[in-house]
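Each of the next two complexes has subunit A plus one other chain: subunit B in the first, subunit C in the second.
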Partner chain A sequence: MGAGHGHKLHYHGHSPIHRLPAHGKLAALLAFMLTVVATPREWWPVFAGYLVVLVVVIAISAVPPLYIARRMVIEVPFLVFAALLPFVATGPRTELLGVSVSEPGLLAAWGLLAKGTLGVIASLTLAATTEPRDLLAGLQRLRLPSQLVQIMGFMIRYLDVVTDEMRRMRIARESRGFSASSIRHWPVVARSAGALFIRSYERGERVHLAMVSRGYTGTLPERPPRG
Partner chain B sequence: MHVPDGFLDVPTSVATGAVAVTGVSVALRGARRELDDRTAPMAGLVATFVFATQMINFPVGAGTSGHLLGGALAAVLVGPWTAVLCVSVVLLVQALMFADGGITALGTNITLMGIVAVAVGWLLFRVISGVLPRKLVLVAPIAAVAAFVSVPATALGFVALYSLGGAAPIPLDTLTAAMVGWHALIGIGEALITGLVVGSVTAVRPDLVHGARRALGSRDLEIRSTLGATR
Partner chain C sequence: MTTPILDVRGVAYAYPDGHQALYGVDLHVHEGERVALLGPNGAGKTTLVLHLNGIIAPGAGTVAVSGVPVTKPNLHEVRRRVGVVFQDPDDQLFMGTVRDDVAFGPGNLGLKGTALEQRVVDALDKVGMAEYADRPPHHLSFGQRRRVAVASVLAMEPEILVLDEPSSNLDPASRRELADILRGLSVTVLMVTHDLPYALELCPRSVVLSDGVIVADGPTYDILTDQALMSAHRLELPFGFDPRAIRSQAAG
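Here is the complex of A and B:
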């Protein structure tokens, strides 16, 4: 309903990275991140090497670095936590810019920062270069139970429909002069959420009936690969 | 907040991954009992709903706002097994497509928010509903209590995992106090929102609320005579 057909998180392109099979990219992401997490955080140069790997992959994929950077705001809350670590952790203290901080805490904060950031960049690169339907096919190839793949498929397919429905409800509220600004407005917002649940559930029932009437028996037919 | 990559060490991440795989496969079998061949479309749409409600901001005041986690809410609305599947799929999509929560921490996130939160919320809901009378008006308050407890319980689960494979030496009592205290506050918000949402759905379509089935089943058809009024 008025939504675009591509996904906002996917950056359309035809680079070698875009063309790689999705299950290969998923397996590579998992292997890469397990290696990163298992690396001792004192091996400073190795992390620079990991970053170089990601930068090279992004350069080949021709996804603008700014596009990835904008999406990285997702890690802000956890950066706050990492920033707090040196102050709450125990162990020998050290001076940093005139403030006494815990040395192991500082090291842990660095570890979190490096590993978490590498994880966010790597996942975003996968999301930017892989279309959701290819991602689903890749998960299926990696033996994720087909029920889960189907649920995820429905979720991705109806994500924009349901979020648009939610947006229209918000616009309807606001056009009647309502703006949620304090806790007193929770009942109104919660009723909208309740209505959204009923609409989503009923849409699920309609989708199921439509599928049954087209011969659905509990499994989806294999889709031919994209040409 | 989702656990990112590198927060817990590899053995802990792999172990919670195994727990998550077991839990989700048990839930797959259980959900077939709750929804039979409707599982995929229904759970898919409910997962979308859980994802969308996490985007609804509830203003707290002073410019800040909070959002719902939704484990207990999903359990009361669609039943525990479907709820585990929905929350797990939401976490999977968030990790792969939004980089929210690390891919190596996916097992940890599913174990905590998908399994612990839903299990604690649902068990508490069942226990309290078993003790109190089966009244439709009680469904929402009980759901609120279950949602309240589920949030600090999840935080406690995180502290337990952190004590096994955490990255920084934080004194455990400090961490426990901070995490449980902070999440008790979040739990109050979660409880209010869950209670309000469940209440609004029960008021309109009580047949859709999984947790209201027992109350609905014990409701008798009441036939009122209008004879006295017309004469």
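Here is the complex of A and C:
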């Protein structure tokens, strides 16, 4: 830690994409996602077109493609689910590489794969080119209720604190000879999770106290211009 | 004497679970003083602090800040006058950047635009953190975060700065830097601590809180050298620390 730019998803840069206003990027992402989701699954070439659009945007943003690719791991559980579909779905069967699979299932899997992947790439591109602070300001400008924006702001701020606390608890556990290697150890892990929850809850109360002490009455005040 | 900045009279408080933390506390702090509030763990120090800006309302007794009673209609004014710096800077600093965080307090007071910006810059200058204005707080060192927490309260231009364990978790260099900063401020300070050398270094006067009552109030040097008082209230000087040696050193 100690670097000036601090989010694991954000890739520092000064490309035209980085410089675009955050609310514009957010609106573009939303429009893009809605279009993708509304596109019939059989329009194969159109999906290729979407991919080309994303590739062009990423190229302009100068974010290394590998940077995005590595963060796409988050999609894996959906892919596993998509891969299961052709086998478990009903309907007319067809042969694929010598295995009998369900035709509607195959189509559904393709839809999930294509739409999901496009969505993940687009979201990661937004996250890589926009700082969390600007994203929040963008959401506020798009008239998202300020309570929601505040909650997201707190989440971003305290994610690192809580992750760090979790890491320290794990190290403390392991220092006493514990490692979560089998299912018998789960109760211990669960208790740690409970302790973490209580600690976070109490921290939330202390944060609120500190805010009230500085005159907080329910709405965040105007922010100073960035100097 | 003039109206004290802090006027605590007969404050008693029991937590909702029945645990009584304070049994009638009297405390006066006058303008320009730097007072240490000493006491062992569990003496009720933090509970008392939460009374000073009206987070907790006393079960009995009154608190007044420069003559303004700490009651619900005055809370806004009281919180402007009493600036509390909490022990864990992560509790206090919650915005995305140092600048936004320092602006939070004065922003709540209604400051806007250049006046707000000026407050932020001034407060950060006082703690030597101006160059970090655009950094996220969680990327600073612990000592730096503590200083930003102080700035976030100074930005409200309080009449009294209340610090809860300001030296806890600081390395010796950060500790000294913070002491230099606090000495340089012209604001009245109430410092809650069990770091006795720090109290001696910074506060001419000390008050001892033990088991929910004030048991001593006087010059810090006299209190720290009163063996009977110290041991009766679980106050111990760190190994090798002798206030007398420091005084003779300073004299000689």
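Convention: the second predicted complex is superposed on the first by the 218 of 227 C-alpha atoms of A that agree within 3 Å, B and C clash if a C-alpha of one lies under 4 Å from a C-alpha of the other, contacts with A are read in each partner's own complex, and residues count from 1 in each chain.
Heads up, the rule we're going with is that a residue touches a chain if its C-beta (ideal position, glycine included) is under 8 Å from a C-beta of that chain, and two chains touch if they have at least 3 such contacts.
Everything numeric here is computed off the predicted structure, so don't read it as measured data.
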Open item on the list: If we overlay the two complexes on their shared chain A, which of subunit B and subunit C does A:L34 touch? Say first, second, both or neither.
Closed with: first
- [ ] For A:I198, select first, second, both or neither according to whether it touches subunit B, subunit C, the two together, or no partner.
- [x] first
- [ ] Name the contact category of A:V162: first (subunit B only), second (subunit C only), both, or neither.
- [x] first
Open item on the list: Once chain A of both complexes is superposed, is A:G105 in touch with subunit B (first), subunit C (second), both, or neither?
Closed with: first
Open item on the list: With both complexes overlaid on chain A, does A:G153 touch subunit B (first), subunit C (second), both or neither?
Closed with: both
Open item on the list: Contacts for A:A180 in the overlay, against subunit B (first) and subunit C (second): which applies, first, second, both or neither?
Closed with: first
Task: Winner by number of subunit A residues touched, once subunit B and subunit C are compared - done: B
Task: Interface residues of subunit A shared between complexes with subunit B and subunit C - done: 132, 153-154, 156-158, 161, 203, 207, 211-212, 216-217, 220
Task: Of all residues in subunit A, those that touch subunit C in their complex - done: 1-4, 6, 132-133, 136, 153-154, 156-158, 160-161, 203, 206-207, 209-217, 220-227
Task: Footprint of subunit A on subunit B - complex, ascending - done: 1, 4-7, 9-10, 13, 24-25, 28, 31, 37-49, 51-53, 55-61, 68, 77-78, 85-86, 88-90, 92-93, 95-100, 102-104, 167-171, 174, 178, 192-193, 196-201, 204-205, 208
Task: subunit A residues touching subunit B - in the complex, by the definition given at the top - done: 7, 9, 26, 29-30, 33-34, 36-38, 71-72, 74-75, 77-78, 81, 85, 88-91, 102, 104-105, 107-109, 111-112, 114-116, 118-120, 122-124, 126-127, 132, 135, 145, 147-148, 150-159, 161-163, 166, 180-183, 185-187, 189-198, 200-201, 203-205, 207-208, 211-212, 216-218, 220
TODO: Spell out the part of subunit C that touches subunit A in their complex, as residue ranges.
DONE: 50, 53, 55, 76, 79-80, 83-84, 86, 88, 90-92, 94-97, 99-100, 103-112, 116-117, 120-121, 133-139, 141, 152-153, 156
